[in-house]
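First chain A sits with chain B, and in the next complex the same chain sits with chain C.
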Partner chain A sequence: MVSIATARIKREFKEVVTSDELTKCKIKLELLNDNFTELKGEIGGPPDTPYEGGTYQLEIKIPETYPFNPPKVRFLTKIWHPNISSVTGAICLDILKDQWAAAMTLRTVLLSLQALLATPEPDDPQDAVVANQYKTNNKIFVKTARHWTNIYAGSTLAAEPEFDSKVKQLIDMGFDNHKSRVALSSHLWNVEHAIESLYN
Partner chain B sequence: MVLVEEDRSKSENNSNEKNADNSQYECNICLDTARDAVISLCGHLFCWPCLHKWLETRPNNQTCPVCKSAISKEKVIPLYGRNCTDKKDPRDKVPPRPQGQRTEAPRNNFFGSGLDGLHVSFGIGAFPFSFFASTFNITTENRMPAPAPGSTQYAEEQFLSRIFLIVAIIFIIWILLA
Partner chain C sequence: MTSETNQEFNFYEDELIDEKIAAQQTAIEKEIANEQKLVGDLIELNTLLNEYLAEDTVYRSKITELSERFRYMRKTRGDGNCFFRAFAFRYFETLMGKPDEINKLKDLVNKFTSDLSQLGYNSFTVDDFKDVFIEELEKLNNTSDIRLLEEIFNNSGSSDYIVVFLRLIVSCYLQNNSDFYLAFLETYQSMKDFCSHEVEPMYRESDHIHIIALTNALEIPVGIIYLDRADQEKATPHNFPDDSNPNIFILYRPGHYDIIYRN
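What follows is the complex of A and B.
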């Protein structure tokens, strides 16, 4: 017998693939195995946000109890966002936890994630450092998020050249590329503070 | 030949229309045509087995999977089509979860610490009212779903509430006489 989870994913998959949101909102869904338990999602960064122009890959795991329990979703593409861990890609979103409802679909989950990119919730953070920066140094937050979109999500819009030179400075000192970028991002692009944190 | 072609396109149209029609009657949980259909008071359609499983998944937070309004077994209406041969209430088909034999924790607390509370609040004039409030559980939020009539738990609860009522009446009479 085909489980409810598999039957539903099959139907949802058709729905996403045939909808016109595919092109309009830049939403994609891809199967990774034949039992419909692992999928790859893709969302485009919403316009007028620091994520504009970026493409974000998502790991989607369907539990056996789907749709009675939410799918497990995680960002594969690195992103600087208060509700998404800059390290693991874990997402803090109520509908992926206790606010899940069985009538929600992968399509609505992807759209909700896109909405989350447009409207961060710094008071319910996943990444405390990012959330703090969002609240206290919003200008730097926007620049940093745009920089990450540029480096990791393949955007071609407005790079931050001075950020790149700072990262290069740390790489020249022998630090790892990504670690340097995280350290600089977390310390408001202050090179000395970043180096200090990398040594600790 | 042309006729055959036309026929074929007609039947394709028909099947398309049929599909479009059916999608209105899809269960909001399994996304298939609803079987043993029930409808919530907020107007959302489900297969009863699907909705039952959803309500079972969240016994303490029973909300409509579509609009999140409050929902319960008692607040859904079974749907019977004209050619529906099985006129049995779909809600009777999936057996309700077997009732546990233990009494519910909150009521137990009321029994134990509640009685201690009685001794403390003796001197306060308003005491019987608070007694009533807790006996009849005026705040109904977050209550466990009522046990099905006929089950042992239901009978036990009926018995308990009768005892509480008698005790309350005795206290009131005693206060009036004293």
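What follows is the complex of A and C.
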């Protein structure tokens, strides 16, 4: 079984790295070990979305039963998105779960993830807090997502300086940088509510 | 704790639960795999009597009656692929030592492969499954050694590749004949949607529509014998298509398909 998975991944790897189309879409793939069981993916945030300008690293693990079961994929780069856990990077996407089919490839997965960044599915959330914010306070969601893109995914667009000063306020109180940002993001950037949640 | 932080905590817990469910499912699958070969050895059909209690007269009398017409059977693993695997094994068995018929199937397989590529399927993965399908099929050209077939179907690599390719054929056939089959779709918006949920994923169980599509696509009739608790004297036979005279028979018990052999 391992040999089937390996042979497949070798060709899929080649399919991705030799594709001009994928390079244009800012999609990359890198091997992490010689037996083709661990790879690192990279997708660029799609234009005209809060993720524009960001670069997202993905952990990709190939199960022994590949291609009959889907690859295990998770975001390594922190992201504010209804279908991706802001804590673990776990992804809620049909083709990585019950809609995986053996004829799909890593190329399909990477393109689908990039499409997921452009079209979130808040009714099938991975991160309930983010999904709720997306639906009820979309303007704040967009600003928060853009801020995370700037801080964690290396974008140089719109830094939202007032968010930074709020984070700094909490850091000055002795809280951890990332924890402060999560607390503020989860509480619509209301400093008092964020502090309250950090104390609990 | 405020309600928001509760929510935040819960979604992390949800992921842990997801993982636990996945682990449990893997354990169940392993247990099934240890108990039942992908395609079992030839056994007498009346051994099924052991699976039912003495007072279960409906099943027992139907099995006794059925075993007079169908003496032998092979059990298949209940992994959601059982219809496809049962059909493929029995179909390949009828092709053993018949190069002309094997060539006819190869032509059909090539036609479906090009149809799939026209539907936009990735040709290198489709070719992968097609190549294994044909490679295994060609081994049967000049042999009638059933052990070879048992080996092909119990090697999960080749066996699952054959199942995947049959699923792709069914998906392709349904998408290209969607007008006729759309009436079968209940909750799905399109045939493509139906196929990506119910046909192409491995381990997804088969229903009438899969059986009809596969027998029509390959032009190979199949008789399904329904063995259930319905109040009839005999297990009910149903041929696909209706007016055909099949050589391949499959026993259906609610939720599962096994191979049976007519005397």
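Throughout what follows, the second predicted complex is superposed on the first by the 197 of 200 C-alpha atoms of A that agree within 3 Å, B and C clash if a C-alpha of one lies under 4 Å from a C-alpha of the other, contacts with A are read in each partner's own complex, and residues count from 1 in each chain.
Note that a contact is a pair of C-beta atoms (placed from the backbone, for glycine too) under 8 Å apart; a residue touches a chain by one contact, two chains touch by 3 or more.
As the structure is a computational prediction, the values presented were derived from the model and not from experiment.
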| item | value |
| --- | --- |
| Fit or clash - chain C, chain B, common chain A | clash |
| Touching partner for A:A90 - first (chain B), second (chain C), both, neither | second |
| Residue contacts on chain A - larger count, chain B or chain C | C |
| Contacts of A:K168 with chain B and chain C, given as first, second, both or neither | neither |
| Contacts of A:S186 with chain B and chain C, given as first, second, both or neither | second |
| First (chain B), second (chain C), both or neither touched by A:P67 | both |
| Touched partner set for A:I4, first chain B, second chain C, both or neither | both |
| Contacts of A:K135 with chain B and chain C, given as first, second, both or neither | neither |
| Stretch in clash, chain B with chain C, out of 7-15, 43-51, 115-123 or 169-177 | 43-51 |
| Set intersection of chain A contacts, chain C complex versus chain B complex | 4, 8, 11, 67-69, 98, 101-105 |
| Chain A residues within the chain B interface of the complex | 4, 7-8, 11-12, 65, 67-69, 98, 101-105 |
| Chain C-facing residues of chain A, complex | 1, 4, 8, 11, 15, 67-69, 85, 87-88, 90, 98-105, 107-108, 125-129, 132, 186-187, 193, 196-197, 200 |
| Contacting residues of chain C [partner chain A, same complex] | 1-2, 4-5, 7-8, 10-12, 15, 18, 121-122, 124-126, 128-129, 156-157, 160, 164, 167-168, 196-197, 200-202 |
| Chain B to chain A touching residues, read off their complex | 28-32, 44, 50, 53-54, 57, 61, 63-66, 68 |
